[in-house]
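Here the chain labels run A, B, C, D and E in written order, and each chain numbers its own residues starting at 1.
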């Protein structure tokens, strides 16, 4: 769908180089370099307030860094607005669910397909021909690819605001997926979920990363170390605007500085499982 | 548990929102004086609602306890307003780190002391909070909306502490926090329980964590209590192991890579 | 130049009155998030009450005090009867209630006091202007300004240093969290309305002393909006500054622009100015920005 | 859409069926009945007064639809919608009166229809102009800029300048026969009624269609959460302006339609009060539902007419108190709005929905 | 010895030559593209599958199996939820001359191993990852098992074992074979004989190992024909298939009857949505265990109590009318005109809507079986105007043998034998049956066959008697019947069923036990009758939350002790 021709597994998909971001005098990021390769699950961990969310916001355009470049598929995207970046294939979920509470699950996911709709306002107003046909095509896509994948058949017509938190998170993931992104930013997708939901969510993330149909590259921000270590190909550790390290999960787990700044000595609380 | 030293008794309550939506049904929970009790359960099971029923915040969301009773130190509180309940010594730490974003950390804490006259006691209260959370001292003049999630959580717990509570209702204190911070906050919670003799009713998704700090726990599903037992016993329960602790039958942790596409069958719901 | 200075001074002084009413407005908004469109009518009620008592021969200050007390009572009643039940309802609904209230108040005022312009007789403040350096200022204006400044100081101190002040701000920020630590939202709201009613009463009385009192004084309720928006909706100093700026702007436009754009420039200017101003500062001068930690 | 309650045995095999508006025979029957009522019963059994009330309702619906779109569906609070009605009315009037129409166009009655379209477009663009601040300004702050639209447009530009065109003083009078649609001169309440019905049905259909297509979803998304809407690839500014345009467009139609009912057009027809009134209509009807705009209009107009009816006989017996009764009416109206908001904060559409549920769930409550 | 004999009634000619696959072949040709054979709720739609699609799918699967090496008489096992693919697989097996073996979806691993091994299964159709995992883990212990065919690709991306093949790949193989031998399928279909084994059905063994009952094509088809001759169905009817295929009742409805009549079989989206999906379809024929009907009545009662006053009054009045009329009908007394009018009124005001809520508004025949059902539940449905009938049967007669007739319903009996069926009660009180549907014997278990089949009579192991009207009354399993001191037989289950509707018990077949703590709990102690679909639930104590304050009102008067729907909706701030 949106895949750029010639992109292979392992090619550089997104690169931040020397990104600086400060709010007033407070430096949120000071010189971050991050490369995400196609097909990877790349996790970002770090203490609260380390700047993870800021980093995500920079990637999808909610913030503009003061210095540094962001390249996506080789193209500099510093100046693009979030909606333009979405069109390029960057989707995200939020730390606190940011669903459209008044809309049904289906409409939320339909909204994720916004950039794939072609009909204009006039054909929408008469709702004949193109607009109608398009609605049906997209509905089929949503049902077959997303609702089926995320197992949310029972709730498709329910308003999202009425759903329990875990399902809202799932809907949010579905909405992001509907964009058919190349890069999916998952900002704490597991926060506030119980183990069962965490397992499901982990399964979905793996599915969308590994299934041939999707092959979505994921950027995962998460505190649940069990999941991060099990799923990620690489882990990036951020501490107050600076990178501590970027490496394989095993290397990160044993890095003394990471343990000191983030993981703690005991594994007791590190993961819920 | 004998009936005498229970600080909080929830007797068979039923909670409805907007007079029609039944969320909690026949829930009974008891918290011993100076104890920690955990309430586990899936999202949407009604845990937060139960807490709000106790703290009286339910009325604010158009909810009401339509049956049963809640007793705090022998007095019925299910019909009282939130501020009366707070005055009696129950404080709820609402989920989602609800600081007063536009106030500074110290102002946040001072609002916690609203029920007292200003003066020395406030000073003492602040000192105590800063003693438990030295990090807040460093941030005390910063706007609470801009401090990190962990510090916000500390602010919220500190603010609760400022009310000089007898019972704290903690709603998912670990949500979205880094491992080290979770550790820190839970240590402080245990400390508060130990040193300040504050009873705690804890709602937590992270069952392992909850069962570590709480000697007794209740399990809630779809608005009902389905199980309650001591932490040790719960930890041995195969369903709890499977659904809440993520252990295989051999006591090992399951890898999240190997989660299967199986249909879930909960034995207790069968 | 002299004309300019004169206009400026009058603007500042009239702005003082706007600031007073704006203060009341901000208070309600700050505490309960209610965008009060009945402010003009509240002003009207306060003014008519003090005028009535004054006409009956009660000394002015006493009449003002009585009007304050009545304002206090009315404020609490209004909050209890109309707005208490709306806690938690969507903001627009609440706004609409204030619109309904404004009709209700207006109808009541017209029913009781009629639509003719009435003046304070004998005049409370001497018509004799005061000379400050090169400037000539009407006594009414000066007193209004002084009153505004005094109230400003009181309010700022209230918010900064009293527990109720903090509680009010906390309630505005997160009502649920405030409730959970024992802040009684009911008291907070009632107090806010009472104080706002009182402030509006003072403002209305002062304004009535300038041009006499009729139903058009309620237009003040609208003028308050640009003032508070300029200051940033929930900032007390913002309301004062906003009020004064609007006062000045109005007077300047009236003096200088009217000949180029005949007609209602004076009335339109604050709104037009505000609309443009907001483009540059979408949260006014000191408004609370939405803290977005996405 | 597909969330409607379906009786047992009605199921869908294609998405087209699932997306259809009227999915059961019962609903189709209801719609046929409604059509019969609107086209066959009301126009022939209502007297002139009742028809004029109907027209008033239709006008209110047309005005309220735009407000509903902005407030209810796009979350952009507006308190200046009467300005766009005014722009529509004045554009249409000016075009009819001042534009050098070729004689055949006049004869074929094309001037007025064309002027309606032009009015709609001009009002839409004017609305976009005042919607521009919405790119940066949010929430209550936006209220002020929309209020500015009202005061600048009606109280300043129209009162001070437009009204001076042609040296007519404050009002443009519309000589009989100028308002002509095709072969019909719109000169009776009945003809206005038919025009109103056609316009209302047209606008409601267009709006309803928009709401279930791409643009409508984008609007609702912006209302619910503008940040995540932006992240999902919606050009928030563009869609906000589009909402302003459509709202202004329908407002323009409303204004242009209303002149058919007036002998003269003057700024007093479009006061700020009317903007507030329209917001009141959708609040009482129910925010975020097209039904709401319709129910609200019916209710508000009916209330006003009833108050009128109640006051008139009293005024006859107490002529001295006539003035006072006006004030009582005003106070009563204000009180009525307050009470309605307090006891029915979700609006009539919610009641309607509840009523439907009451019967759908019969004999149970859930 | 009582003896009842019903002569076989003619109808669709079922000869000894006819096999299920031949019938399928003819039906598919007859209906073709124009008629919907089945619907599956998938992707939010009731996706129609025409007879032509059905035929094509079965053809390719069947040829694929042949290509993999299926020989006539080989066993093919199926495990999974109710989905069209399951039925296709079964039909494909039959077309290729194989024998179909169905396993319960929730079979424990030991049971799966035993059945696969015992039946010499060569191919296994598993639905998805769960089934494949099960099969892979026992692969080494079932030497006959050659291939595992999976269908649902979820989670299957990392499975590359040689013994696995996907449904689609199998169909591709079939297509290749068709290219090579275009006539093969038709030849295959037409070679069998009605007395060949079609299905190998494992009956539960709560105490002993499962026994595999061999059912012939003829068994199945005559069974369906005889049932339909009592209660005719039409090819425009809808039926919802949601009970496990491994239960004979479901086979009877989907294959025996479905294929003969050609009605549309609908499959729910997910097992959890079955109830809702049934309501959407509004089937004409229904077969469900008593549990489901009991659940319906209970939910109606609860909802009724929670309804507003006016609604309650209407409901009460309507049900009074309904009960009165139903009782008249039960007693075979004429219904006076006034009551007919009242019944009409009750129908318009309440029952129509109520039936709609339950998904029963189109139902012509509703059957219940597998276990006994409380008379009050029975009355409830008749009062509602639902033609609910009790049936009696077992796997060994390929479905059912006894059913109520229209207008002759006694709720403590199971009715008369269907045509072609003879029922006798032995001296010991055991029910024995003879009919063309009686099975061929147990697979690899001659002793058991000998015990069950004597001179063509099937010994059911159930105690019962025939009442004065010739209705059969089933008492209980032989082993569960106790003898009282005075020599009378006594069946706890029989008693319990009659207590089921008593307002003091919360859950079906439950008894309230007071534990040592203050908290009374309801624990299910019933064992479902052996043929019941829910046998897996047996014995496990089910904890229901019936917590309450011991000092509050007596719990049966306490509203909160009632089971109530918990609304999952939770307003979030």
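The criterion applied here is as follows: a contact is a pair of C-beta atoms (placed from the backbone, for glycine too) under 8 Å apart; a residue touches a chain by one contact, two chains touch by 3 or more.
As the structure is a computational prediction, the values presented were derived from the model and not from experiment.
Colleague: Looking at the contacts, which chains touch chain B and chain D alike?
Modeller: Touching chain B as well as chain D, we find A, C, E.
Colleague: Does D-E or A-E have the larger number of C-beta pairs in contact?
Modeller: Of D-E and A-E, it is D-E that has more C-beta pairs in contact.
Colleague: Between chain A and chain C, what is the separation of their C-alpha centroids in Å?
Modeller: Centre separation, chain A to chain C: 48 Å.
Colleague: Averaged over CA atoms, how far is the centre of chain C from the centre of chain D? Could you give it in whole Å?
Modeller: About 33 Å separates the centre of chain C from that of chain D.
Colleague: Between chain A and chain D, what distance separates the C-alpha centroids? Give it in angstrom.
Modeller: So the centroids are 41 Å from each other.
Colleague: Touching at least two other chains at once: which residues of chain A meet that condition?
Modeller: Where chain A meets two or more other chains at a single residue, that happens at 62, 94-95, 98, 139-140, 163-165, 203.
Colleague: Considering chain B alone, which of its residues make contact with at least two other chains?
Modeller: 44, 61-62, 146, 260-261
Colleague: Mind pulling the chain C residues that touch 2 or more other chains?
Modeller: Residue numbers touching two or more other chains: 176, 293-294.
Colleague: Per the contact definition, I'd like the list of chain C residues that touch chain D in the complex.
Modeller: 29, 35, 37, 82, 85-86, 89-97, 99-108, 110-111, 222, 225-226, 229, 233, 261-265, 267-268, 271-272, 274-275, 278-279, 282-284, 287, 290, 292, 294
Colleague: List the residues on chain E that touch chain A in their complex, please.
Modeller: Those in contact with chain A are residues 43-45, 154-155, 157-158, 269-270, 272-273, 276, 568-572.
Colleague: Quick one: in the complex, what on chain A touches chain B?
Modeller: 23, 26, 45-50, 95-96, 163-167, 188, 191-200, 202-203, 206, 223, 225-227, 230-231, 261-264, 266, 268-273
Colleague: Using the touch rule from the top, collect the residues of chain D that touch chain E in their complex.
Modeller: Residues 6-15, 18, 361-366 of chain D touch chain E in their complex.
Colleague: Where on chain D is chain A touching in the complex?
Modeller: Residues of chain D touching chain A: 2-3, 14-16, 18-19, 206, 209-210, 212-218, 220-221, 223-225, 227-236, 242, 246, 288.
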